[in-house]
Structures are given as C-alpha cells and as structure tokens.
Amino acid sequence: MDECPPITVRLAVDRTDMNLTAGENIGFYTPGQEVSSQTGFMRGHGTYVDEEETLRASVAGVLEKVNKLISVRPLKTRYQGEIGDVVVGRITELQQKRWKVDTNSKMDSVLLLSSVNLPGGELRRRSAEDEQTMRRYLQEGDLICAEVQSTFADGSLSLHTRVLKYGKLSQGIMLKVSPALIKRKKTHFHNLANGAILILGNNGYVWIGANTQEKDQSEGGFTQDLSRVALQDREICARLRNCILILAECNILLTDTSVTYAYEESMKYTPSELLQSEAIIDVALLTQQRLSQF
Amino acid sequence: MADIPLSLAEKTFILHGVDANFRNDGRIRNEYRAMELETKLMPQTNGSARIRLGNTDVLVGVKVEVDTPFPDNPFEGKLEFFVDCSANATPAFEGKGGDSLATEISNTLALAYQSPHAINLKTLSILPHQQCWKIYVDILILQCGGNLFDAVSIAVKAALYSTEIPKVTAATLDGGKPDIQLSDDPYDCIKLDAKNFPVLVTLCKIGDNCVVDPSSEEETCSSASIVLSTLPDGRFTSVVKMGHGSLQPTTLIKTLEIGKLVGIKLNASVMESLKKEDALGTNRPIFGFLR
Amino acid sequence: MPVDQRRINGPEVTIPYNIYFDSNAKQTETRKTLPKKRTDGRDSTELRKIFVKTGIVSQAKGSAYIEMGKTKVVCSVFDPREIPNKTGYSLQGELFCEFKFSPFSCLKRKIHQQDSEEKEYSIILQRALESAVCRHEFPNFQVDVYALVLDNGGSSLAAAIMASSLALSDASVPMFGLVTAVTAGIYQDRFYLDLTEEEEVICSKAPDESTSSRNYGIVIQANLPQHGQISEFFHVGSMDLANMKPTVEAITTACKELCPVMQQCLVKSVLKALKRKENMEKEDQ
C-alpha cells in the first residue's frame, strides 16, 4: 500500500476561468436599485418603499412577480420552511420531549418526541421512560430525513418522521449546497439507476445513501445498517458526490435529471479527477448543454 | 480543528472506505487534493504566498526587520512564526476561540524549522553580537477545510522562498554603535536558500490505516494523527503525535515510512512549481484574490 | 509568541552569566559530541535508578514523587470538577494538565509564568495521559493534573508523565493502564536512553558539517506497556527513518521494564493504607 500518486501544485497563472456563460438577461437587482416607480404594486419580501414612494430592492437577487405582488428573491439565503417540504437535518441538542435539528434555517427546527415512530413500530403513548431514553433513538450528530409538519410563529419549523420513508439515515455522504439550487418538486427521494439513493432536501442538505444489503424497514427507520459497503457502490457514491459539488459550484439547479446527466458526462474521469478545475468546467458545460436541449 | 458532528453511520462509512483504500471523494489513501499556490501577491511584504488546498485557504506574509541577536547565539539571526485563525474561517474562531489551534500550529512550525539542516540562521547575521535580521512569518487562516498543517507549511515554504532581504552594503561598528547601510535599489536583494525548507505532512490514523491530506470529516473520524516535518532528502526534523488515541509501535513505524515517501514527493512538487513561477519573471500577472 | 501584556512582567531581561565563560579554558570545556562511554558509566540502553512514592501531597486527591538520577518531579491530581465555561453535552471527560519547571530547576532561570516550551510540554503530557484514562467514566467533568519539576537533571518530561500516571492511579481515577515514558537521544547514529541534562544539550545541537552522519535529535515516547500501545510520540532534531526504528524498539522495551517498578509502588501504598485502616479498627474496639 505504498503507492503515492503524483502531487500537482498549480500556479495562479494557470487558474482556469470558472465563469460559465450566464443565461439570458434576467431581472437582477442590487440593494437600493429601483424596481418600479408605479404605484399599485404590493411589496413582498426583499423590497422596501423609500420617501418618494418608489419601490426599491433591499437584497441582491432575482425579481419575482406574481400578479400585483413584487418580491426580490435573494440568491443565497437561509432556508425558509414551508409545510410539506422534505428536509435532511442533523440533531444538535436533546431537550425535554423533543430534539433540536439543524436544517440550515434561521433557527434550529424542532422534532417532537410525539412526532416520531418509536422503534418496533407500535403505536403507544409516550411514557416517562421514553423521555429518559430519547438518546437511544436519536443522538447528537445523527442525520434524519423528515417532513415539515408546521411552522411556529417565530419562523422555526416543526418536523415529523411519521411516514416510514423518513427516519434516521444510515451509511452515506451528506453534502451542503445552497437551498436556492433545489426546486420544489413532487418527490425528493430518488432511487437512481446506478443503485444509490439520493435525497434532495429543500433546505439544501443533500444525502447520498449507499446501497446496503439490508432493506428492512420494519423497525420504523431507527436501525442503522453498519455492514461494509461494496467497492462499486462506494465508487458510485463518490462520483455522485463530486458531480453534485460540481453542479453546485457552477450554480446549476439540482434535480434528478441534472444529476443523472452530470453523472453520465463524468464517466470519462475517475472520481478523484473530478476534483480538478478542468474536469469541473468540462462536466458543468456538458451538463448545461444537455439540459438546454429541452 | 473545528469538529464537524457526524453520525455513527457516516463515520462507519468513512472508516470502511479508508480500509478499502477508496475515500469519500474518490481519492486513495495517499492522494492529495488539488492545490493552488501563488507567491509575491502582497507588495508591502518582503515575501508572501497564498495556498488553496481543497476548501482550505491560507495566506502568509513575511517581513524582515533588524534586531539584536540572542546573547547565547550571537552569530545567528531569528525566525518567528505567528498564526492567526481569523474569524473569517468559522465563527468558532472569534475572539480567543482560535487561540489554542493557532499556538499548536506555530509551535509545530517552530519545531520544524529549529534544525540548522532546515534553515541556517547564520546567514541572517549582519554584525555578530550586535545586529541580525529577524524574520517574522505571519500566517492568516482564511478558510478551514481540513489539513491545516500541510497547507500552512507549504505556504510558509513558498513565502520564505520568495522572500527578498535587502542587501547590506556596509556594516561597521562606529564607536561601539553599529552602523548599517542598505542598498537603495529595491531589486538588489538576497534570497533565502530555500532548498532545504521542510514541509509538514499530516497522517491521520483512521481505523488501522493512515490517510494523507484528510478533509474535515475525516479528521473528525480519526483518533490520532501524526504530523511529520520532512526535509527534501527524507529526514525528519520533528514528529508530533496529535489526538487523544494511542497507536501500536508497528503502526507508528509504518506511518513514518509512508510519511517519508509523501514528504519527499510533496517537497519536490512544491519546489518544481515555485521554480516554474520564478521562471515567468518579474512581469508575471498577479491574480491574488481575483477570479 | 505574543506576550500577555496585561500581566506585569518581572524586571528587565537579565542574562545568565555562563555565556561569558571563556570557552577555551580547560575547566569549562563543554562536550561537543556524545562521548562513547557515558559519564555515569551506564550502557546506552540502561536507565537510571528510579525512586517513586505516592501520597506525598496531603491536600491533593492523589500525588506522586519521582526521582530519576538528579531529576526530581512532583505531581498532584485533583478530583473531577465541572468544566468552567462549557456548555453542551459531551460524552467524555477532560484532562487539564499543567507542566511547569520551578524557577531554580534549570541552568537558566525560568520565570513564574509558563513559557511556550512549558505550554508545549503540558499539551504533550495531556496527550500522553488521555489515551490511558477512562474518560467516559466522568463525562462533562475535568480532572486536573499538575506536574512540577523541582530539579531538571535530564528527561524531566518523561519523569513527569510517569509521575502523573502514578498520581492519577493514587487518586483512584479509572485508567486503562499505567503510562511509562522514556527520553532517548540520537547523535550521529548512536543513541542513548534516559538522557542526563548534559546529554540532552549535546543531542539538541547539530553535529558539524564535516562529520559523516548528520543525525541528531531527542525522542520522547510514552507507552501503555500493558497493552503494547504508544500513547505519545514526540521528536525534535533531524533524523533518518533508519535511525528511528531501532530507537522506537529500544524505548518500547525499556518502557516495559519500568512498568513493574510503578506497579510495586502502587501495591505498597495500597498495603500501607489497608494496614492503617486495620490499626484504626483495632483501636476502636
């Protein structure tokens, strides 16, 4: 095991240009820029009215117009939860009868003890014993996949994992991308053709699940399969990870189609070569071309 | 390092991956991420360098000043390292948060450069017992993406390589007081002999194997890591074990062997790139933080 | 290292007088190279005689005193207490170690505050002990370990590590095993174990350019001999890998030999405590 691959140290003069061609002219506004001077528009998020009654943008972002409502959606924001969203989160804290979950939003979301399925799948009242043994179900650092049940008045979210497809996530890789790159779709769980599981959380947390042997879901999603993952599955996960990072770096929307295209275009490189900037630009451009064919 | 919380399943995945010699991002155990190096990007310093290794971003500035030598080392100059973990990197570094990490890095650098085989401080003497050059190496950590020691040491080597010390045209003792005259010409300077400067190589022990250039997630999974300071000819100037785990003696020897190979390769690649950059001449475009 | 400006520092920087010695005079001839035979007549792998005793600091929960040749180190351990300034839950306890040379212990006077070398040694001490202590038995607490060197006759860090491990067991802190440590010095392909102060100074300086081998350095290694694990490894100098291997093996063997000495001392102190308890019960009756 003593082989040492060559180490490349690049110089800044050889830096490749990461700016891909921007799309057509989109309505892009900077803070303070005038959006509209006509009255009769309702102002939404990201805008404000100054003394002369003109509507100006307060964040840097893209214009969104719905009938009479004008709002400016910023490019990089914290995740704003909506009811029904699928999110991937990490447990940060255990409190009485609930867990605090980090979901890349302004405040930690809440997962109540009554919103989870207890192991064994029984439906029973939560006892005082359950409270003490909360740590046995979910610990700090665990990753879960959940749905947003409701929002509190201060903007924080309440999650639930009552459906069997949600629950603790097992072996795999978790990535963080900007929430703006993930569009709201009908389904966020994708079983890709190559066998891996891809969960695109609305909050920008993406989960690549390795293909493990056991598919037993009867335990209510709390058991973890810690058996060894085969090398081919590992390679698939690594390639997917690098592809998603490429798409995120070049600001291409993440959907299962774009990820699949990027995966196919990247087959000519080995997974570790995808970390070099030439490969990144190559794969990103090819994916963009294929996507724009539609 | 700032610890990223990971679940047990993720840690197991990483552990098994290292065992199978296939890491999370597709690299094998002994593979480095792509790195980019640039020197002489800051005009106010005597030497500077910036390195980007994966998500890690480190900026180094070197300034030289005239100082009196230590009384017990009158023929030698001085070299001092200072590391600043900027709050830019993570909010955890704000205020005193990054201090312990910063002292650890600067101590390790000081150990690496203490040997005269690495740097000969006698070349920094102007007037023995009276005046010498003191080199201040200031390191700024802008982004923390794992493997800080290696990135910092490569940037320090590059910055010292590019350091230009003004030439002393006259140095005499004028009635007991030293009198020094430096050359006016900004291009008339001497460069340090960088061919023996060491590089730190971090080897993280994950499970039964050790991994080169760990990412932040891999660092969280390891119980112990060894930081070696290797000279270009394969000798070690310092070996420090970090982390709260223990190793078997055979693992230690194996780790040292791998570290030696990697260190020699890394030193060679860095010197090659630095020479290439030098060959572009003084008119090469400086990119710095643009693009 | 930036100095703490808020504390009032002592008087102006003074200079030890021995730098003014005439280096050519016969009486003050300092050795430049490692002599073939050690001045105290030991073999290259022979350790100095050790004296250890526990329970010498009455106020501390556990304490130990070790003497190796001229090196004298005292170590005290205090009860687990709450970690100050810490929020959040952690599954493991912490060890807080402080290593200090007393001002009169070395050839050059040390100031009362910890300088950077002592801070570094404190971190090494902490790492050497961390793998031996069962940290999961006291989560969210920290155990304080203070080591003070009374006289530095060489290998003081290794002595401090052993004294701390004894003090921890005297304080009934749960441990996986005892920690033993040895300092080795290499100079031009020869290595000596358990260095004296003089040998340490020689091994920290590079040999002349004219000599064949340019190796020199000091290696401090802490072992858990009962498990065959190395808990801390620290090397400063400039060495070939080929020289490291035999040094590591020699130190590992020497550490194993030290283990019975420490165990005997602990057994003695336990027996003494039991006897004291017996006598007290007899008096009560």
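A few comments on the model shown:
We just call them A, B and C in the order they show up, numbering each chain from 1.
Just so it is clear, a residue touches a chain if its C-beta (ideal position, glycine included) is under 8 Å from a C-beta of that chain, and two chains touch if they have at least 3 such contacts.
Chain labels with UniProt names: A = Exosome complex component RRP4; B = Ribosomal RNA-processing protein 42; C = Exosome complex component MTR3.
Note that the structure is predicted; figures quoted are calculated from it, not measured.
Relative to the centroid of all protein Cα atoms, the closest per-chain Cα centroid is that of B.
The chain pair with the larger count of C-beta pairs in contact, out of B-C and A-B, is A-B. In terms of their C-alpha centroids, the spacing between subunit A and subunit C amounts to 50 Å.
Note: centroid distance subunit B to subunit C, computed from Cα atoms, is 28 Å. Chain centres here are Cα means. That of subunit A falls 35 Å from that of subunit B. Among the residues of subunit A, those touching two or more other chains are numbered 140.
Under the contact definition stated at the top, the residues of subunit B that touch 2 or more other chains are 257. Listed in rising order, the residues of subunit B touching subunit C in the complex are 71-72, 80, 82, 103-104, 106-107, 110-111, 114-118, 224, 226, 231, 234-249, 252-253, 256-257, 260.
The touching residues of subunit B, counted against subunit A in their complex, run 5-10, 12-13, 16-17, 20-38, 41, 50, 54, 154, 209, 257-258, 261-262, 265-266, 269-270, 272-273, 276-277, 280, 284-288, 291. Touching subunit B in their complex are the following residues of subunit A: 1-13, 15, 17-19, 90, 92, 139-143, 168-174, 210, 224-226, 228-229, 231, 234-235, 237-239, 241-242, 270-272, 274-277. By the touch criterion given at the top, residues 1-2, 15-16, 19, 116, 119-120, 123, 127, 130-132, 135, 206, 214-215, 219, 224, 227-241, 244-245, 248-249, 252 of subunit C touch subunit B in their complex.
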